[in-house]
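Shared between the two complexes below is chain A, which pairs with chain B and chain C, respectively.
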Partner chain A sequence: MPGVCRTTNDVSRMNDVTARPEVVAARGIKVTFGAVKALDGADLVIHAGECVGLVGHNGAGKSTIVNVINGGLTPHAGDISYGGNVGQHGISAARANGVRCVFQELSLCPNLIVNENARIMHAELAGWNWRAKALALVERQLREIFPGHGIDCDSTVDDLSIAERQMVEIAISFAGLHDRPKLVILDEPTSSLDAGLAAQLMAYIRRFVGEGGSVLLISHILGEILSTSDRIVVMKDGRVVADRPASEFSTRTLVEAMGNVVREKEWLRSSDKRGGTAALSMPARRGHGLPFEAHRGEMIGLAGLGGHGQTEMLLDLYLSRNGNWWPARKGEIAFVAGDRSLNGTFPLWSILNNLSIASLGNLSSRSIVDQGRETSLGDGWKKRIEIRTPDMENRILSLSGGNQQKVLFARALATTAGIVLMDDPMRGVDVGTKQEVYEILRSEAANGRTFIWYSTEMDEIRLCDRVYVFREGSIVAELVGNEITEQNVLAASFSGGEAA
Partner chain B sequence: MKISSGTIRLIIPAASLALLLAAVFYMQPRAMSYTGLNLLFNLAVPIALATVAQMLIMAVNDLDLSMGTFVSFCACVAATFLQSSPAIGVLILLGAIAAYAAIGVVIHIRELPSIVVTLGMSFVWGGLAVLILPSPGGEAPGWTRWLMTSRPPFVPMAIVASVVIAVVTHFLIMRSSVGVLIRGVGGNVRSVERAGWSVIRIRAGTYALAGFFAVLSGIALVGLTTSADANIALRYTLLSIAGVILGGGEFVGGKVSPIGAVIGALTLTLAGSFLSFMRISPDWQIGAQGAILIVVLALRLFLNRLEKREKSR
Partner chain C sequence: MNSARILFSKPWIWSFAATVIVWVVTVLFTGGASSLGLSQAALTFAAFSVIVGIGQMFVITLGPGNIDLSVPATMTLSGTLALKLMDVQDSMIVVGLLVSILLGFAIGIGNYVLIKLLRIPPIIATLSMSFIIQSTAIWTNRGLRIKPPEVLANFTTSSLFGIPNIAIVALILSGIAWVLLEKTIYGRWISAIGQSTFAARMTGIPVDGTRLVTYILCAILASICGYLLASFSGGAALNMGSEYLLMSIAVVVIGGTAVAGGNSNIPGIWGASLFMFLVVSMLNTYGFGAGFRLILTGIIIIAVILVAGGRRANR
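So, the complex of A and B:
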């Protein structure tokens, strides 16, 4: 029923912020994709001058409601108003009302220069000298959000690192030539930023909000949400299940509201598995730092700030056991990619095909794939890691991001490989899914598999038996067992003073 | 100053053109003259225009397999209607451009592969060309003849025309905001869409612009050959694709270079003459032309790798 606001005890509490004018109000929104109810009567109201944190599982409907607010998706029921005016909808209407969005997957044009990307986002950059205007606009905004960023705005987006692209995209979205945006939606804005840049962004969000702007912040890093937002909205199964001031939440209550059981239990670290010959080893990188060594059944973390050579290390490890030109006959090493769309999924293939591709050799007899065995492999993994789909024959893109990532895990774990390399695979995956995957990794490690895990999240690093900390392309510290603490990792990654 | 990746992409085509030219001059010093240069590059003008048209289509991640037959069709119209009754000729050519825009719309709305649609259209254009001009003939309009054979002082027409095409399209595609949108669609359609632009309009406009350059190509071709034939430009389909790639463009991702495309077209034309000067029998020429293409592309891959290694350091 359009126009009717569903009220529960949690929803629409009155406080001083709600007295301010509404920037966007979505009420009773319902969206269905086929049989899946993506949104089932969700309400989201954002007022001027507040930062709203939006949390929830993957598939809880966060991205869907964002797409409804920014006009990309028309709801099947419910109404949406911008600045109190009902009746306009669509991407142009949302933009005209000052709604901007930074999406989870980077959405710049990689072939264009930074200022040309600004031109695409800001149609008002017209006139013969739009290039100069766009350049000034982006540079000013970048300086404001990320002081000392060091990004060359004359370069093509292709030539920037992932973190730099994210910074540019954020800057372009916050910039305004004539009038500044009223609402900026940030969907996992810090997924590729290291701690220092993330802190700069959070500080800027507070300034922006203080000046009367609004921000909708979506993040899986609950610390960010708790420290930055004024109000936190928790979504579950396409509905809003909690909507309270941020001060009333703690990490624990937030996770509980999302429907997760908090597991505070520390992992019992298995006894030291070092001994005997290494399953995988590599001399010190670039002639300095420590050498790398991995033993059977170990879980090894690669830590440090993002982009300090961890991914390169993983690739080198992979190539040390597998030819660059000709694949090794016996797959003893598997790789879980971090950038799903770049080198993870086959977007046109079914979930099953995406899962079984790495183990086709074992599934086929006389070079013909045994479809029965393939299906049973898929069903087994579907149950084991709970891939949320009615049919494994559906396209992989029909899954939410976290479930796609599960399929990529299953692809690696279904092989007979003894070593699994993981390139920050949990980017943008919700807490519940993470816990499930951790459990599986633990049991696989107990069975003698070796995991080498690059992660940007401290919680994951703490799960490892042994951690190598990277700085500027080489290993600068090795932490074992109880030495693995946030302080020690941070100390090692920053110990070079200005190095970060 | 740091050299941008776009400039690096232009180095290889420019260097290979210079190298080929030096080789031709070394073997045949008499080519180093006004007439010699004009003869060498004369046929490059329509190829350059067709290459620019193909480049536009490739800028939005599509591929046009009807380029050759469409240029042939335009040449046939230019040699008949445009000569005898200019008004009808202009109308037909405008209609052809509108048809190109419509093809763009159909490809976008129905999410069809452009290769399939344009392959189908190539038979339509080919058939229309045969209907208009069943046997080779017709006559070039006086003004195209005059334009293509005019002799400006110091620099031959072929060079002047190539430079003009390169400069105009560079400003249109690389500098103007329209060009930014076209390349943006190639780079990331969703981001253009989310910024509130109508991608369907951009695509239609791009196709229409490509059609316009292809029409110019047909007219220029007739101006050079004085008469037309339904099969006059069939090889332009592959020549134009090769020209774009040779000039540093890529099949997907909106990475194109108009200056590179013109240079690529010149290189391809020159490669033919070079092989004749080498006295390689025509039987082997196509193969040798392919070998030149492979060498240049291998060089480019090598340079890309160097650049990547430099970046990761």
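So, the complex of A and C:
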């Protein structure tokens, strides 16, 4: 991660830190949801002035322990103390002790203006002029964390892009009118941020920690965990399996500690599949830039900074090929959502119904759904993509975020569609699962499926055969094969038309 | 799975339990003399609520904001037109029914045209549509009360093996609706749209087509109900639909269908319809006036929404 300075002597810093007072200590925590042991005797202690990285698989218990620390969940066993005092628990106790949390599922009120959202988090913003005070507070904090952010704090949250919402939420959490927060928990804070914004955030975390605050950082992007944390805690199956200074880890050892074998296979790019007519094409957007074209079996990346028109393009591609009045006779295009709660999951339904909804046409005769075929489709995908649930009839919301995302993948891949659109779908998915999904994508592409993949992660963009770089709503560059490097993508996203 | 969990997972059980309690209380008060008559009357009148309730349920399943307020006017116009057309001739019974259905079809399309093309919220679109329909009914009826054809009148007022014919018709319609909802692709689609229209659109569901069909279905069921009710009560009256505005929505809500959409429940509509009728007759038996009855009806609906909402939050 650029922009973050590492001190040379991590170990001595580490020793300093353990001598400092505890901000939060959770010891021997057990939490069960029905038959599922979400936490099985987990310990997590955070001291003042340190950044603790928390990593683990989807469903390892990361979000659960966060919810115990912020008071949202009462553990079934174990102690929790704030600043050394045992015996108080609950959301207000946690807040009174300066614990703030930025959730993985963004939690701003979409119908309110940015400063009104700040008022919800900061009850001390009172009095006749609270709006102006709130506005000043948020703007100051945004400037401090994300210099040059360009967010209009007078707009409702609805009008902000998902990246901007995340930035606002982070800023509100770090802000403090009278006293600053003691501990800020960041659950996947960079999942919707592009590399530049993520680097700004990581740099700010180091400054915040340097001033005596504490941060609990949860992320699947191991690079930022390694570069930003003082100490890394690895969780697996509801327990802490490793807790060591960050300097003792490398990407490889970290992945191994999580229980994965590192696969360093280089993605072999297939030969150029262009030629013949395009499977999907679209003229240049907004009258400038390059036209879009996709061919059978191609894996096309949509790159560029977050929120520069990639998602809009995917939606346009999808909606232009799908009637709103009459069912499409043959589904030729499928969509994998990135913003699950916006356009992905059906919250009242079971996992199975969520998975099968896009392929009902193939599962039914004379419009009657064949439940036997539906179940076998579900079981097949449960095995293939390893959806972690005892029963596909369970509700979709009983799954962890990453597993819900797998269901959305299965939904699209289970169709007969020749083209699959993906809207940054790997948000919040763990490393192991990502590798499995990449593997499936590759074999599907070899069978002639076309993938159009918007991603904010460079590692994923590098997997594509061809990449279109977006800037301000239109395509400014096309990179093919070996031209796809972080440097070229960044150059094109910042400079505009002339690259490639 | 234990029995308590089954009970909680089937919200329609509550409306049936309430129905049985009210039935027992009423029968006890009258000393058991009225049990058969009360049951038959309950089945007959519940049947009308069930028919309109099913249509309304499909619309409410489409999600927040979706509602059809043109139901009462549609019933009135359908009854008025059909009786006028049949003109007491038995040979015209089928023609009358077909015209009713066609009328419902047209009203459904009209409703959705207003909602979609003029971008009016359903609650206002169907209310204004209802004004047009009701005015048409007044204009065609002109205060005349035409009797239904005799065969039809006999059919709607008699029973088969002690079960009113109307109830049998409603039962058949409920069966069809249940298959539509639980077994077909269409049923999945409306439930998906009710949970998240955007997500439904992005899985390839033709959202507008599905909603159009649903509004048409609701209007057709209201038309059929109006046709049957006019024949049952010996002629169409201009206010015959009015009590079904609240009733069609109340039975859906009390029956356990999610007001926020996405989840619907046909057995519950039966329980709720029987319950609503029995509450009214119980209050009648105890000698309460019309005003108090209506107040109590309102309180019951609010209480049910409160209890149902609480259950959902606890999950």
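Note that the second predicted complex is superposed on the first by the 476 of 500 C-alpha atoms of A that agree within 3 Å, B and C clash if a C-alpha of one lies under 4 Å from a C-alpha of the other, contacts with A are read in each partner's own complex, and residues count from 1 in each chain.
As a working rule, a contact is a pair of C-beta atoms (placed from the backbone, for glycine too) under 8 Å apart; a residue touches a chain by one contact, two chains touch by 3 or more.
Note that the structure is predicted; figures quoted are calculated from it, not measured.
Enquirer: In the superposition on chain A, see if there is space for chain B and chain C together, and answer fit or clash.
Expert: In the arrangement built by aligning on chain A, the partners chain C and chain B clash.
Enquirer: Touching A:P21, do we find chain B (first), chain C (second), both, or neither?
Expert: In the superposition, A:P21 contacts neither chain B nor chain C.
Enquirer: Where does A:M121 make contact in the superposed view: on chain B (first), on chain C (second), on both, or on neither?
Expert: first
Enquirer: So in the superposed three-chain picture, is A:D159 touching just chain B, just chain C, both, or none of them (first/second/both/neither)?
Expert: After superposition on chain A, A:D159 lies in contact with chain B alone.
Enquirer: Which partner chains sit in contact with A:N70 here, chain B, chain C, both or neither? Use first/second/both/neither.
Expert: In the superposition, A:N70 touches chain B alone.
Enquirer: For A:R411, using the defined touch cut-off, is the partner it touches chain B, chain C, both, or neither? Pick first, second, both or neither.
Expert: So A:R411 only meets chain C here.
Enquirer: With both structures aligned on chain A, tell me which stretch of chain B collides with chain C: 27-35, 117-125, 135-143 or 153-161.
Expert: The stretch that clashes with chain C is 117-125.
Enquirer: Residue overlap on chain A between the chain B contact set and the chain C contact set?
Expert: none
Enquirer: Can you check the complex and tell me which residues of chain C touch chain A?
Expert: For chain C paired with chain A, touching residues are 179, 183-186, 188, 191-192, 195-196, 198-209, 212, 258, 262-263.
Enquirer: Show me the residue ranges of chain B that touch chain A in the complex, using the header's touch definition.
Expert: For chain B paired with chain A, touching residues are 2, 4-6, 175, 177, 180-181, 183-184, 186-188, 190-197, 253-255, 311-312.
Enquirer: List the residues on chain A that touch chain C in their complex, please.
Expert: Result: residues 315, 318-319, 322-328, 331, 333-335, 337, 342-349, 353, 357-358, 360-361, 364, 367-369, 411 of chain A touch chain C.
Enquirer: Hey, which residues of chain A end up touching chain B in the complex?
Expert: The touching residues are 70, 72, 91-92, 95, 101, 103, 107-112, 116-117, 119-121, 123, 125-126, 130-131, 152, 154-156, 158-159, 312.
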